[in-house]
């Protein structure tokens, strides 16, 4: 008996996992506990995995999602150097968990059966939870981790219940066979509906969609900033990828049971996220709530996933969102390190006093808001509204429009604060360590990429599937 | 054997577990609730597997994975509870919260 | 589909190269340069530089004109191929006057700022705002238009919030309210454009086909900007809080973004019937309502702001008729309002510079005696605004009334004539409040004030240019109307 | 009807074995330990070398008063001895004795996952001690209970790993299948596994030198402190039954079960002989080694046995694949 | 399926037998034992002195660490058995895969060891 291994799919994830183990071992046996020691293998593994991914011939959508995951992970790994010399953060565990979660994310978007999906979901979730609570002796982090944990395991259990019911209805867990089995006329529709909705729940949770969103602000603010960045970009990318592939490949026959759910969840998610963000005074809290709202935008094109545009709009939106969010979080991580605060009031006038951090932050925020001159943000908003409208969900399109507006309200507030005149001299750490430069460089590279795709959107749009 | 009984039992277990997670305020009991939910899933899977007489035993395979997942979840959960307990000296979630 | 995108009968613009692109790029580059390099240049020089940039832009627009039946200075290159969006620039008979007026006003704003102590950044912002507005008027692609439309907003926030001559927190609140209202509108606009583009299969402005939902969204989006009553509440505060150039740009240019948008998106649409009655009634109601509001105003800048709402009411009423006359009326009304209100705000700004306030009571009576040229300019602007024949304001109003009288293609007679009646009532009320304003400020026994000082050369130049423009347009309306007579843009477009 | 009789008969046989073999081992412990310590051990009961000593003990236990302390968690406390005892009986069901005069394999019930079944049953048995420790409401018991738990958890893994190694070699989880597949050279190949399994089994049974949970010098009697009379007797019986099951399992897994001359006829005797030999080893270990400290107990598991078991697993894998 | 279940009929029977056995032992005890009530007998044994406080207390975290390791490792060992059965059929690929699996476990153990988790502190 010979069981083939699809290395196109498994290759990158394996490399990332090896990187995780090497990082752990380096940390254990290389006694000088520097952040770089375990970070280096992690970065190398990520780069190697990216190379492997590009070399291989993965199909278009998993490729795109994997690329977002890998680049996001690399970004986080490099920017995390800002936590160097922070005694409460053990570097070995940090990188190990980060890479494990990344491997989970990679597997999740390439999953072709529900077993892999569930395992990958957990491989992503559990290290993420640990990452949030990793900062030793930090009560808030631990509490956040607990909230996150509880929400996560419950949603996983619900998903598993859904999966088991799907199995019960169809007798298979493979996506393609599932799709065929669901087209058989005599499958019990009511059970299928319940099963599908339950299955989707776990992914919606990872995505941070309402009503599974409450862990997000907690986890983002409780954990360290780059962990929040990871959750907001990589974790979301994986969840979205998995969800869309699942809906598009295996559940189109059951679309009448998930489509209304997804549409309503998307609408409610963006609205609640935006309303929550309006009340935030801390930049991280603001981004946390805004990322809930963004999850709604990511989710919305899923209603038309069987349409002519397929997964493309979501992929494109995701890529831009992830990059912008990572830039923003990395910049905030640096600022938190240098100034000890990310409250909006404390960041006032940043674009003037420290343009190398302020301008990227402004540009990233503009991108998230979809506001020129960050044309790419606007264009991707257009890109996600289009399939929704074309598929006939005009009401959802209008809700999206209203939410673009709501989002602008607080994004612009942040921008205006950043560009404003600062009232006093901010506290700035007198001698920023060299490791901060890594994070700064990622911020600048990310911003350069954002500006490039803003100037020439086709650079991104025509290269993503 | 009828498929109905294991399914009923499984639903009941799942419901009890969910109730436990949502209604209990003791962290350890919440973890127990999660365990119940996962085992309800296992029961479901095994029942379906037997019912289909699935040659590949997909259901059993997933059950194995679920067991492992449950273990790692509980491991992580207990670790968090322990850290929580060290920090605030209680496992009552209400007291821990805010 | 390249064939469908081209307008039937349109001739490719003459090969004079990327004139319009240059006309946009120059002010953008200079503007951003001034903002970034604000430490390296003094304000007066910056203002002259800005004026030069805008003059070159105006010149380029002027020379790019190739006749009314075609798209002038057209550039059409792929931009975002996956969306079918193109960098499609060019001016038509409708947009060319708007562009010229914008560039003209921008030059005057720069000149106005050519004083000691001006912030180069303010000049830069003025340039960016103007260039963005020019971009809106020059875009033939809906998405490109939207990008320019949004681009102008944040700079305007800064102009109002930071360079206000009033209390900073009031200014900031007014600026924020302005921003929120407008982005709210533009968000709806975006969805409208998406729907329209999806249904029409193209983002080309000429072929875009909004359906009923889209037309409502798009109308709402532009109605906020125009503003149409009852979406106008951001306007008086923003105008009165803004510095003089800010008020001028807001009134002369920003409001035109709204009317222009209604003209090109809503006007030609065959679904205009969905919104036309509402627009007509709201426009007409705005005329009356703003006139009543003006009558109780003491603050000169607020008064001018409210009067703008009234003028925009005429324009909206004209657009809602969807007739050839209506289009001409709307364009003329917009241009005239830009010039006249610009003049009014410059005059009010002069007074505020002198007396530190725009309260009419505080300025005091008898300005004829204290600062005769200023008083004359103000009065001229006021009578132009109330629509005195022979000045620019007259033609826009009278054409609107005619359009409403002729009912047009989509309105019913009761609606159109209700609008007509309200507009006539509004004209009477407008006359009343402007007469009151003139009496309060210009006439009466002079009470000397330490700030009394007649117009300086700079003010004289700026206002003089506007006075000339107002008089010329008033005496020779065919300069503008010839663009539409006998062949209207409506006919061109379809 | 015949099936029912068959099942009942098997159960009766297993029950008989369960009630006699542990006594045998117990008696052997009394005597062997005594002689190793230069004593003679029980001599009076029953006459010949005190052969009826354990029967007499049983009779004594039956007549003793049963006391449940007020502080105890009553139900847990009273149920614990049964939980400790029954699983070993269940485990014995699946343990094969071997061919019985050419009549096929003598076994309670051949299960296709027999190995799994027995290991699982044994783990449940430890639970009884744990319940006793935690349910007594006694500080000594509690500490002992915690030690039981730690010990159970630490040694379960190497034990399972070592067993997995054998299962892999044999390609089956059926105990009969494993014993059938035995080849003599496995003795050498599986030697580390054998050691790991045996040591881990000792620890699971909390037999000396792994009796830190009971350590009478520090914890009185650990989890059993509060027990007396019949319930204490049940714990004792469970312990010796555990020795039997462990010895049987070691025999079947690692020592070839009934492998030996004339195994078709006398296989059962070979198995019994090996079981007795292994049981003797268990007793010998008690006499020969001092008690391990609690930290040593756990360190031994994680730092010696688990790596050893993993190495054994790797070795076996290589052998199986090549 | 029924043939499969039949195997376990004996298991069920033996469990019942076990329960009966335990009941019988305790029942005989109940019939034959004396009952002499005394308050002192019912107190907790604490080396002859009056018991202090409760029998429940917090135990050290040391135990927890082992519990933790156990849960992780032992449940993963579940996978070993199905794998062990089919190893010969599948051959090298299975060996490599399990090598990876056990390797990860070994790395985890090595890490825990190196970080001093396994030392009794």
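We just call them A, B, C, D and E in the order they show up, numbering each chain from 1.
The rule is short, and it goes like this: a residue touches a chain if its C-beta (ideal position, glycine included) is under 8 Å from a C-beta of that chain, and two chains touch if they have at least 3 such contacts.
To keep track of the chains, here are their UniProt names: A = NADH-quinone oxidoreductase subunit N; B = NADH-quinone oxidoreductase subunit K; D = NADH-quinone oxidoreductase subunit H; E = NADH-quinone oxidoreductase subunit A.
Bear in mind the structure is a predicted one, so any value in this text is a computation, not a measurement.
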{"item": "Distance in touch steps, counted as few as possible, from chain A out to chain C", "value": "1"}
{"item": "Centroid-based (C-alpha) most distant chain relative to chain B", "value": "C"}
{"item": "Innermost chain, where centres are averages of C-alpha coordinates", "value": "A"}
{"item": "Chain of greatest Cα-centre distance to chain E", "value": "C"}
{"item": "Leader among chain pairs (count of C-beta contacts)", "value": "D-E"}
{"item": "Inter-chain centre distance, chain A versus chain B - centres from mean C-alpha coordinates, in Å", "value": "27"}
{"item": "Centroid spacing, where centroids are CA-atom means, of chain C and chain E in whole angstrom", "value": "82"}
{"item": "Inter-chain centre distance, chain A versus chain E - centres from mean C-alpha coordinates, in Å", "value": "40"}
{"item": "Distance from the mean Cα position of chain D to that of chain A, given in whole angstrom", "value": "52"}
{"item": "Contacts with 2+ other chains: residues of chain D", "value": "none"}
{"item": "Multi-chain contact sites of chain B, meaning residues that touch two or more partners", "value": "72, 79"}
{"item": "Multi-chain contact sites of chain E, meaning residues that touch two or more partners", "value": "67, 71, 74, 91, 94"}
{"item": "Chain-chain contacts as defined at top", "value": "A-B, A-C, A-E, B-E, D-E"}
{"item": "Parts of chain A lying in touch with chain B, wherever the complex brings them together", "value": "114-115, 118-119, 122, 126, 129-130, 133, 137, 139, 142-143, 145-146, 149-150, 153-154, 156-158, 160-161, 163-165, 167-168, 171-173"}
{"item": "Residues of chain A that touch chain E when the two form their complex", "value": "1-3, 5, 17, 21, 24-25, 28-29, 92"}
{"item": "Residues on chain A engaged by chain C in the complex (per definition of touch)", "value": "371-373, 375, 378-379, 381-383, 385-386, 389-390, 394, 397-398, 400-405, 408-409, 412-413, 415-416, 419, 421, 457-458, 461-462"}
{"item": "Interface residues, chain C side, partner chain A - complex", "value": "78-83, 85, 143, 146-148, 150-151, 154, 157-158, 161-162, 176, 179-180, 183-184, 186-188, 190-195, 197-198, 213, 217"}
{"item": "Contacting residues of chain E [partner chain B, same complex]", "value": "1, 61, 64, 67-68, 71-72, 74-76, 78-79, 82"}
